[in-house]
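The two complexes that follow have chain A in common; it is paired with chain B in the first and with chain C in the second.
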Partner chain A sequence: MLHSGAGPNTTAGSEPAGSARLEQPSAPENRRASAGWALFGSELSVLFRRLRTWAMLLALAAVPVLIAVVVRLAADEGGPGGGPPFLNQITQNGLFVALTGLVVSIPLFLPLTISVVAGDTIAGEAGHGTLRYLLTAPAGRLRLLAVKYGAAVVFCIAAALTIVVTGALIGTILFGTGPVTLLSGDTIGVGDSLVRLLLVAVYVALSLAGLAAIGLFISTLTEVPVGAMATTAVLAVVTQIVGALPQLDWLHPWLFTYHWLDFADLLRQPISWDAFGANALLQGGYIAVFCALAYSRFSTKDVLS
Partner chain B sequence: MNGSGTSAALAIETSGLTKRFGRQTAVDSLNLAVPHGSVFGFLGPNGSGKTTTIRVMLGLAGATSGSVRIFGQEMPAHLRSVLPRVGALIEGPAFYPFLSGAANLRRLDTADRHAPAATRRRRIAEALERVGLSHAANKKVRAYSLGMKQRLGIANALLMPRQLLVLDEPTNGLDPQGTREVRSLVRSLAGEGTTVFVSSHLLSEVEQICSHAAVMRAGQLVAQGTLDELRRVGLTHLNIQTPDANAARAVLRRLGLEPDGTAAALDGQVSTPMNRPDLLPENIAAALVADGVRIRGFVVEAGSLEDRYVELTGEGFDVVQ
Partner chain C sequence: MARTWKRWLPAAVVPAVIAGGALTASLQANAAADLPDKTPQQLLEMAAGSDVHELTGTLEQQSALGLPELPKDLPAEEGGQLATALEMLTGTHTARVYRGGPDRTRLQVFDRFAERDVIRNGLEGWVYNSKQNEAVHLTLPPVTDGGDTSEDGGAAQTEAYSPEQLVDQLLESMTSETKLSVGDDTSVAGRSAYQLVVEPNSAQTLVGSMVLAIDAETGLPLNVQVQARGQQEPAFQLGYTKLSLGAPDPGLFEFTPPAGATVTEHAVPRHGSDAEKHHGKNDGGADPGGQVTRHGSGWETVTEVPAAALPDGWADSPLLAQATEVVDGGRLISTALLNVYLTDDGRVFTGSVPLEQLQAAAEGR
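The block that comes next holds the complex of A and B.
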């Protein structure tokens, strides 16, 4: 039933509803606009209330678990062979499960999940039709883009942390932990090594933030979220293939994937920040360019979905 | 509620508003004038440019040329100060299927920086109550019927006190009871002083709740004014019952009228549009009697709004592309 009585009125209830509404003309100007963090909170809650988000994080968590279990089972049988970096250290120290998990996930699994989240940002809202309601609320186009990108970056951090935390946990359970021997030969304590792990997670999240900016831009180009997701994922893979072709080595330093696996510098004593700095500069450039592109596209876009 | 007012008295005003998509002109030089406090019916067949007009008005799409003013303020330049005062339902409701009705409203309410967080919970409950969805507040929208989604869409438009409501086809998907409820809701909102802009392809809906209307056809405004003004422009019809139908037709033709042909008409019925304003019905009657036509019935029917609407927009599927 629709009630025709007093409506959602913010003014005092003693006033007749009619006069309260008629006085409204100046109200929005008088009422101070909030800073708008509520929308960011709402964005995060929508993102992390989706089953899809948890399914992706669960899949990422499965990577170090799988590695640890396989290594545990194989360790009983014989000596270590090839495999990804850090794999051989796992049996000596469980914390290396987290690093191996990252190395294995960086080329495909992590970019895939970021592509899903970043490709969905604007195109997903357009696909649901909710974009028109957000914009007429009015959310403001720049504010909406910022909130969307911010939430995508939060997901990048969550994705990297998921692998690091599950890796460290399962590694500790299966292999135990202790002082870590770094690439430089030095040995650091467990506490210090956990800090290093977090730094690596930040490094990976930063690498993914560049991809998220590209995904955000692609997402403003379409109303079909799956299209934006697939395009972003394909771009991440193709860029890595290009990065593996020696004939194109003049181009390599400009690819956003160039420093993706260079976090080993953070495992030296003292820490070498060179790779971190170079990666930050590269990703910063990509973030600036693609966020600007996304804004220039989105600010003038006709929302017809 | 005056059809002709200064721009200060207008809630919405468009001048020369044009929107083109490629080579197709969706809205063509539209001059709308929606007075403050009116319930304004925006009529037109599907595809006549109503929704596109609404999208441009609310800043979702840019105008190719022309301008829009809401409360006298240029759009979309003053979008941020204008839109918090406007509640909208645009081309049907749209929600996140994986969130509940209340969570969806909370989400959209946070998008409006002028909506105070302190009263959010209460305002959402009141809006849901007002559209009769309190019982389904915590149900996922995925499980809502079309009518419930439509109500939720209206609830979203009512989250804050609004000066202007833009409702695009608000009764779509609603059963007759729901349609009545929306009508009474619109009336009560209008009674509180809210200007309501309702787009519809259903004339009966507009006729029952609106004080003003505009008619669109193929992107162009073909009529605008109060309902009475629109009715007045419509053609009146003269229906005569007579055993001397052929003689009556001859007299009418002599007077310059165009009575319907013999084949189509019922026996003893003659009908003609009154397309000569100078010709008064009593003079026609006198002329008929003078020629010996026996009159059993003589009715002058004011044009219905429906006739006017069909006349303006074309019959049935004969819609201009």
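The block that comes next holds the complex of A and C.
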């Protein structure tokens, strides 16, 4: 199953480049760009045709479903303050299932799935012996890296949206919706709250994009995909542990997990964009550094398989 | 070989650029324009005369008092109010403040996945806590411009609050014990500001200095920093990280408690009687409720609270036991700015002085 994915990828990657060369010999830039988009499209279709991708998204979707069903079945409404944030609000408004699902998934489930996708990017191709074929096109390495990272980011968005959409749906079915109470105590309508939920999904996807860049770099270091996946996942967990140690608090603002749970700032009235901006800056830094490292490593690497 | 070297360039350049950017940003944050010189007295007058009533700002509070850091997710019921108070004195807190006129204010204290709001809109006030989903509705007494108090008192009060007089009084009471000076011009929340440095003349107090940043344009105090003796980082800091002047959305001051919230009604007693009570406490020093006595003066003042004035068993809280250390004749809560000495016979001595001085006060020396 894993091998079947790499097959169409190689042909799709080299074919458009070949045909474009015949049509527009005078415009190499154009050719490269269109070949890049074609490669991106085929990479996405490979990613989302994999059973593994759907299994991971299904597992993520199961988190809010499980929360909603358990809360529905339990007669006892835990008092305020207990359990994960927003849990006690679910019975009043189903949309909070999506938020509880995110809070529960952010520390482990989401980083785990991202690690699998990002760790597989280069190392997976190398492990299957298909990397060589992907690099036959000119200027191949940078483009391949960009396409691989782009696909990983698309998966980040898909993963965050899966939890939010499933959570909102199951919550609406089991508990119904209504005006949403924000953290500030103000109440907003269902339409506004859906916009805020989408913003939260964007925030979470952005948070994960930094981890995906780290995974991409680790993936260029090895030819064993499982090693890259495990390293990325372990790194995400270790970083969160370091982030919980008060003795290292000078280091905390520099950790990529520092703003992961700060999406609650989007649930204040008016929205506080401070955390969003700080998170974008932090993740942007990680993306820049680790994509640069990945490029340097990958472009100087001897590809033997 | 040369090609390989070039390809590692991005890996070196990108982190360097980011580090450079971070460094410049932090340097720029403190860079300030050169402001015309002012004396401490002029600065105080400027601050006292400031009449900014409309603003939107983000406040940040940092404390390094040496108190034990409490776990953030501790349920409020466990530690009670003491835990809440201690929590405000440890670590970093962020809050947003909105002012839409002299009697319209909203303060939002940000917690992780929670928020505490204090709203004042005219004669109506709300205190909302999202963690407990509890709201307290306050009804404030009408402001009558000294109509209910005697005419004399009202006039005297207005006079006392004119900026120049206030500053004069303040300076008079302070000069013997305190040294005032103007520090380097600085920049707070992107605004140029003067720095007023207040240093105690006493060598005994734990307070090293206080630095007040005053907005050069409006006289609004932008930042307060308290340095403790023998500690590099500020023991306490409260200041704006973002500030924009101008009226915020008036809808922010209209608060309706959310459905399902527990609402408590609370009427605030008249201001006049409240103020009088305070006066009695300050002047007499012998309030019938608790005979608080003072030892020493100025920065070295030690406040003594007798055992009778304190509720029974308050000192048995396990949280308090955790925060104190055993010393000669009692227990001590030691912070960078304040020492609290609990004697074995139940009295409490508080002061910004070393422990020895508190012990001396307890022994009646």
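Rule of thumb we're sticking to: the second predicted complex is superposed on the first by the 260 of 305 C-alpha atoms of A that agree within 3 Å, B and C clash if a C-alpha of one lies under 4 Å from a C-alpha of the other, contacts with A are read in each partner's own complex, and residues count from 1 in each chain.
In this section, a contact is a pair of C-beta atoms (placed from the backbone, for glycine too) under 8 Å apart; a residue touches a chain by one contact, two chains touch by 3 or more.
Since we're looking at a predicted model, the values are computed, not measured.
Of the two partner chains, chain C is the only one that A:274 touches; chain B does not reach it.
Of the two partner chains placed by superposition, chain B and chain C are both touched by A:300. Contacts of A:85 after superposition: chain C is touched, whereas chain B is not reached. Legend: residue contacts after superposition of the two complexes on their common chain; A:292 is shown touching chain C, with no touch to chain B.
In the superposition on chain A, A:128 contacts chain B only, with no contact to chain C.
When the two complexes are superposed, the chain touching more residues of chain A, out of chain B and chain C, is B.
In the superposed model, A:181 lies in contact with chain C only, and not with chain B. Comparing which residues of chain A touch chain B with which touch chain C, the overlap comprises 300. Here chain C touches chain A in the complex through residues 4, 7-11, 13-15, 18, 58, 69, 75-77, 94, 96, 108, 110, 112-115, 117, 126, 128, 130-133, 135, 242, 249, 252, 255-261, going by the rule given at the top. The touching residues of chain A, counted against chain B in their complex, run 1-5, 7-11, 17-18, 20-22, 24-25, 27-29, 31, 33-36, 38-39, 41-42, 46, 49-51, 128-130, 132-140, 144, 300, 302-304. For chain B in complex with chain A, the touching residues are 55, 58-62, 71, 79-81, 83-86, 88, 90-92, 94-99, 103, 106-114, 116-117, 119, 122-123, 126-127, 129-132, 151, 156, 158-163, 181-182, 184-185, 187-189, 191-194. Residues of chain A that touch chain C in their complex: 80-82, 85-86, 92, 103, 179, 181, 183-187, 246, 261-262, 264-265, 268-270, 272, 274, 285, 288-289, 292-293, 295-297, 299-300.
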